[in-house]
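The same chain A turns up in both complexes below, where it pairs with chain B and then with chain C.
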Partner chain A sequence: MLRYVLRRLAQMVVVLFGISLLVFGLLHLVPGDPAALLLGQQATAQDIARLRHVMGLDRPVWYQFVQYVARAARGDLGTSIFLGGQRVTVLIGAHLPATAELAFAAMALAVAVGVPVGVLCAVRQYSLIDVVSMAVTQIGVSMPVFWLGMLFILLFSLQLRWLPTFGRGMPLPAAFLAMLEGNGAPLVDSLRHLAMPAMTLALSAVVLITRMVRSAMLEVLGQDYVRTARSKGLTARAVTYRHALRNAVLPVITIVGLQVGALLGGAVVTETIFAWPGLGQLLINAISQRDFPVVQGATLVIALVFSVINLAVDVAYAWLDPRIHYG
Partner chain B sequence: MGGGLAVLIGLIAVFAPWVTPYDPFQMAMAQRLEPPSIPHPLGTDMFGRDLWARMALGARYSLVVAFLGVAIASVIGVSVGLLAGYYGGWVDTIVSRVVDVFLAFPVILLALALIAALGPSPINAMIAIGLVYWTTYARVVRVSVLAVRHEEYVLAAHAVGVPDARILIRHLLPNVLAPVIVLATLGMGGAIVIESTLSFLGLGVQPPAPSWGWSLALGMRYMRQAPHLAVVPGVAIMLTVLAFNLLGDGVRDLTDARGRTR
Partner chain C sequence: MIARLCRRAAPRGRAEELHRWGRKASQDVGTRGAAVRTRSTWLGWVLVGCLAGLLVGGPVGVGRAQAPGSAGMVRIGLDVDAGTGDPRFALDSSAYRLGELVYDGLVYLNNRQAPEPSLASSWDTPTPTTWVFHLRRGVTFHDGQPFTADDVVYTFETILDPSSKAPYRSLYTPITKVEKVDAYTVRMTTSAPYAPLLSYLNIGIVPKHIGEKNDGSLASHPVGTGPFRFVSWDRGSKITLEANARYWGGAPKVRGLVINIVPDNSARAAAVEAGDLDFIHSPLSPQDVARLRKSSNLIVTKMTGLGITYLNINTSVWPLSDVKVRQALAYLTDRQAIAADIYQGMDQAATSLLTPGLWAYTGSVRQPEYNPAKARALLQEDGFTLQGGVYEKDGKPLAIELWTHSEDPNRVQAVEFLQNAWQKYGFRVKVSTNEWPTFSSAVYASKHQVALLGWLNIVDPDRLMFNQFTSNGGQNWEKYSNPTVDALLQRGRTTLDRAARAKIYQQAAQILANDQPYDVLLYQGYVVVQSAQLHGFVPNPSGNLKTLDAVTLGGR
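This part shows the complex of A and B:
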């Protein structure tokens, strides 16, 4: 087990190197001179030369890359070109909690909906609920996340007037603390703001988890030990949840882990629709302003978080399933 | 069903100028934000332009960008996968690590980062789709080549001195095409979603071209007065993605069935 973890860690170092190379390379994919592009058409040759020097673009590419990695390893991702010269790490630090809150809420929602529906579909295969659920997942997988968000706004905000259209309430941990001190209003407000973005973001994960749980449960329910459990006279509930679901849940863990990455990607778009002040919104604004240090920093951080989660999922999988041997 | 729907949408895209009497760019401010009616079956937009005419032409943009994006992804992925599977060793190791690096980015994030660098345009959207999805093809082709590279016909071709390039193209490529076709069909759905997302964010097909994504972005501004603008382009995207997903499922079942009977 330890050898497996060490090997995965070594592989991850290679991937991290590749990620930083790709993110660093983004700036060099820019057609023409990035400094000239940033300064616009009125810039003089002197201005361009000065910015090239500030950005380090006048050094050899390999030197720029080594410097970039060395700085990134120290937590220095440069400064924003447009947002008042703020440090990129400070900007990311300010926006990351909102994205984490949204992604966590979406994942919790996806598991809370996807697992029971998947189990129900498997236990009652080909029943009305199974057929309807599978049709809904087929449609759900075909819906772009931003359109679903718009439909939610149309329904829950503009028609029913139940939920606020955009923005974020008090951060959830602070709202919880306020509730413990006897003031529940901020928590209600936070949850009302969180509801639509979380539902929007959860859709793709709900679809995948439902399908995965259904097919894993169908496979497990046909096994001999489930038949034995039934023939011992156990209740259907005990067989389903204590015997079948426990074994069916393993592949689901992998999907949940991989979906975190998709959620981080989906959050970029979802945050734009609901004006949710997270990393996604920071990234989209940076892209439209061509604020490269922020684009590179946000991309790097999201890819790093995704890689660490993937590693954690792999290790958890190896730990949870004693049948699997990792050399 | 998926195939029929995909063909229908393809025909609408090809014959876009002839499926409606209206010019998709012709403004008529007196008729702005009209709900669906008999003269305008899908209503009009904020400039009084016929939405059906714009959706029909939008199909052309979406399908072309997605199709060429998928083509770029499959050409890169199939080439890399063939080389990694056939040569193995350090070629395979390098390819596998590069694939790992690309997989470390959520799909839409990588597409956005590439567009940030390359600049917003339909051609760059195609390139971004290609660079985002090539890893799927590379992995599948690599595994397929690994399965057949020690078959007698490959060893025989090698023994009689057939050059590697010819073995790869004439002998191995035809054997890995079936899964590639399935992936490409299923990949069209994902590519259409990426294209519409980029256009929605103003980073894909540029206005005044009537892309579905940008139509939705405009529709979002008029949701109160004209909800149909926020619904119609989304339905177009969803039906198209659904059509290719169903078609992909069908093609997969077909190739699986052929595999079983062989």
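This part shows the complex of A and C:
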């Protein structure tokens, strides 16, 4: 197992290098000059040329890439072109927790809803509950995220006045600590800010989880040992949860892992509507400003987290299913 | 009946297999199932707990719009995060807003864009190329250090330094020398008389003792002389400012400001409607503004802004190099319809390069107005003949490309509208939209034919015309060259008498209206939506929020 993990880590380095190269190449190929964008419409051609020289953009592309990789290996991801010389590592460090909080909350919600509903649908296959659940989740995933988000704001903020329209409360870990110290208000505030963005994001993940659990459960419920368990006289609950679900949950873990990775970089629309200060927003703004260091750094970090999560999922597989061995 | 619908689909009738495999199956079943069951039950309780929390906490939140928790802090909503807190390098609108609140300039441009004394309490021009500014005494920066002439000299020297990254350096290059006469007097010398200078001297003065450390700290921790001092910056989320009790113009009556970054225009409108924000302003969607007008606890104010939306027509490319073709396009552009239908009256149809907010405006200078019959006559007189619905001359069809950038849905709609209108009357129009960096870099390299974009912050006619229309001007992307216009714009810049300047710019604007290197579509509007609890705010069409230093929050 250890050899497997080490081999995967080595592969990860290669993948990250490849991604860096790809992003670097794309950024330099597409039109759009960061120096010109930084100086704005009033700048003259000489000002732009001068700034390009200062920023090192007039060097050959391969040289710039080698310089970038050398610095990145030392942990220096550069400074942002547009955000007042902020260090990229600091910027990402400021935005990543927000996105992580949102991604995990959305996945927790999706799993908390998707698994029980999937089990219910499998156990009561083709019943009214099954059909309705499948229909509702399908509709949910088909609605554009932007529209769904605005609908939630309309309902929960403007009509019912239950939830705030935008923003993020105190980071959850700090809010938990405050609660342990006796002040529960920050935690309630954080959860209220988290509710709508998490619901919006969760809706796209929940359909996948529900269907996955449902089909995996149906397959497992058709297995011989389940019939044996029933024939031994075990209660339905014991059969469903202790014997069937446990074996059906493996594919769900893969889905959850992949989705968390996707959400880390892809929650841009949700983050924009709810003004959630996350990595997706940082990345999209950086792309539209051609803020090269931030785009490189953010994609690198997202790829890294994604790879680590995938590795964790694979290791979890081996832990959960004794039949799986890595060599 | 419900029971029948919910009946599970249970497998039946394979008892003999069960018997055969029974023992093996029971060995396969492990003991971790109990953990799974507990886990899924636990998850279910967590979900129930969260829902209960929401239901309990929700109604508790009712009335939070009037919650005194944020007492005395005005909550503003802006669309982008400020790129920098250093006004010398400000490029985006939020950086400007932040700079105007934390810093002061030598002058302040009021809501009629007239310069008023700010850090300079008075000024005079002993010669047409010399400006002497007498600085206000007793002013301190937020860290307690006194404001003196050294700070003014330092600010402008760093802006003028060619190696600095000041985006608007070209506005200040006519200044050849900035020198300190004494602790409270500064003299600026210009290479030639430079009439627009005062309009550009509202840029924030930075403290020399912090700036010269060259550590970029002003970018993330601004320190100025302004009515509000910087407290904290949650990148991408919010900037907190508190009132400067020692402000020379009088301490603000509110405790402070919280600038919230809410990128989506509709979400920002929803926030002010729900009471989560006290103040928002353009950019806003016209439909949202119409809805917000109906709200009884909001005040909506609309006025003409300082921007234009226009078509940049590349005069170096056929058929647009032919002035009659450009004029025909102008006759086919229904600006009123664009203003009314696409912008819902938020912007108004433009008549020329003279913007209504400025002293040079006159309604008698006009571009060709919508008149398809005149367009047809003009093209026919120019030798174009209609072949299968499209005009042709010497075998070449009248085909043009119309570009804009994709971020603004109103502009995308406008180009589709124009494509329709122009194709109806014999042009062949190809539309292309791209994201801003791709679009702008192509336009700046003059690779476009007709491009829809805008200009902002037109505080002086020189700002809209000099670099754009002089023969080798830095922003002359349409490659227009007319010696008469060159001479007029030079005179306009170097004549100090306002009435004479007005006449010069009106002349230039009429020539440009006839020649059509720009087809000005709209004068952009400026909309403010504020809570009815906010009293005393005076809107400034430039978007400047400095008058928040005199507001009060009623009922809080």
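Keep this in mind: the second predicted complex is superposed on the first by the 292 of 327 C-alpha atoms of A that agree within 3 Å, B and C clash if a C-alpha of one lies under 4 Å from a C-alpha of the other, contacts with A are read in each partner's own complex, and residues count from 1 in each chain.
The definition used in the following text is that contacts are C-beta pairs under 8 Å (C-beta built on N, C-alpha and C of every residue); 3 or more make two chains touch, one makes a residue touch a chain.
All values reported here derive from a predicted model rather than from experimental measurement.
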Fit or clash - chain C, chain B, common chain A: clash
Partner touching more residues of chain A, whether chain B or chain C: C
Partner chain in contact with A:L158 - chain B first, chain C second, else both or neither: both
Which of chain B and chain C A:R71 touches, first, second, both or neither: neither
Contacts of A:A262 with chain B and chain C, given as first, second, both or neither: first
Touching partner for A:M150 - first (chain B), second (chain C), both, neither: both
Contacts of A:R7 with chain B and chain C, given as first, second, both or neither: neither
Partner chain in contact with A:T228 - chain B first, chain C second, else both or neither: second
Contacts of A:S288 with chain B and chain C, given as first, second, both or neither: both
First, second, both or neither for A:P31, with chain B first and chain C second: both
First, second, both or neither for A:A94, with chain B first and chain C second: second
Doubly contacted chain A residues - partners chain C and chain B: 30-31, 150, 153-154, 158, 272-273, 288, 290
Residue ranges of chain B in contact with chain A within the complex: 97-98, 100-102, 104-109, 112-119, 189, 193, 196-197, 200-203, 213, 216, 219-220, 223-224, 227, 230-231, 233-234, 237-239, 241-242, 245-246
Contacting residues of chain A [partner chain C, same complex]: 30-33, 36-45, 47, 50-51, 54, 82-86, 91, 94-95, 108-109, 111-113, 115-116, 119, 123-129, 149-150, 153-154, 156-158, 160-168, 188, 191-192, 195, 221-222, 224-229, 231-232, 237-238, 241-243, 245-246, 249, 272-275, 277-278, 281-282, 285, 288-290
Parts of chain A lying in touch with chain B, wherever the complex brings them together: 11, 14-15, 18-19, 21-23, 26-27, 29-31, 138-139, 141-147, 150-151, 153-154, 158, 261-262, 264-266, 268-269, 272-273, 283-284, 286-288, 290, 292, 295, 299, 302-303, 306-307, 310
Of chain C, residues touching chain A in the complex: 2, 5-9, 11, 14-15, 17-19, 21-22, 24-26, 28-30, 32-34, 36-37, 40, 43-44, 46-47, 50, 53-54, 57-62, 64-65, 80-81, 83-86, 89, 91, 162-163, 165, 167-171, 216, 219-220, 234-238, 260-264, 266-268, 270-271, 273-274, 276, 407, 435-438, 440-442, 444, 455, 467, 474-475
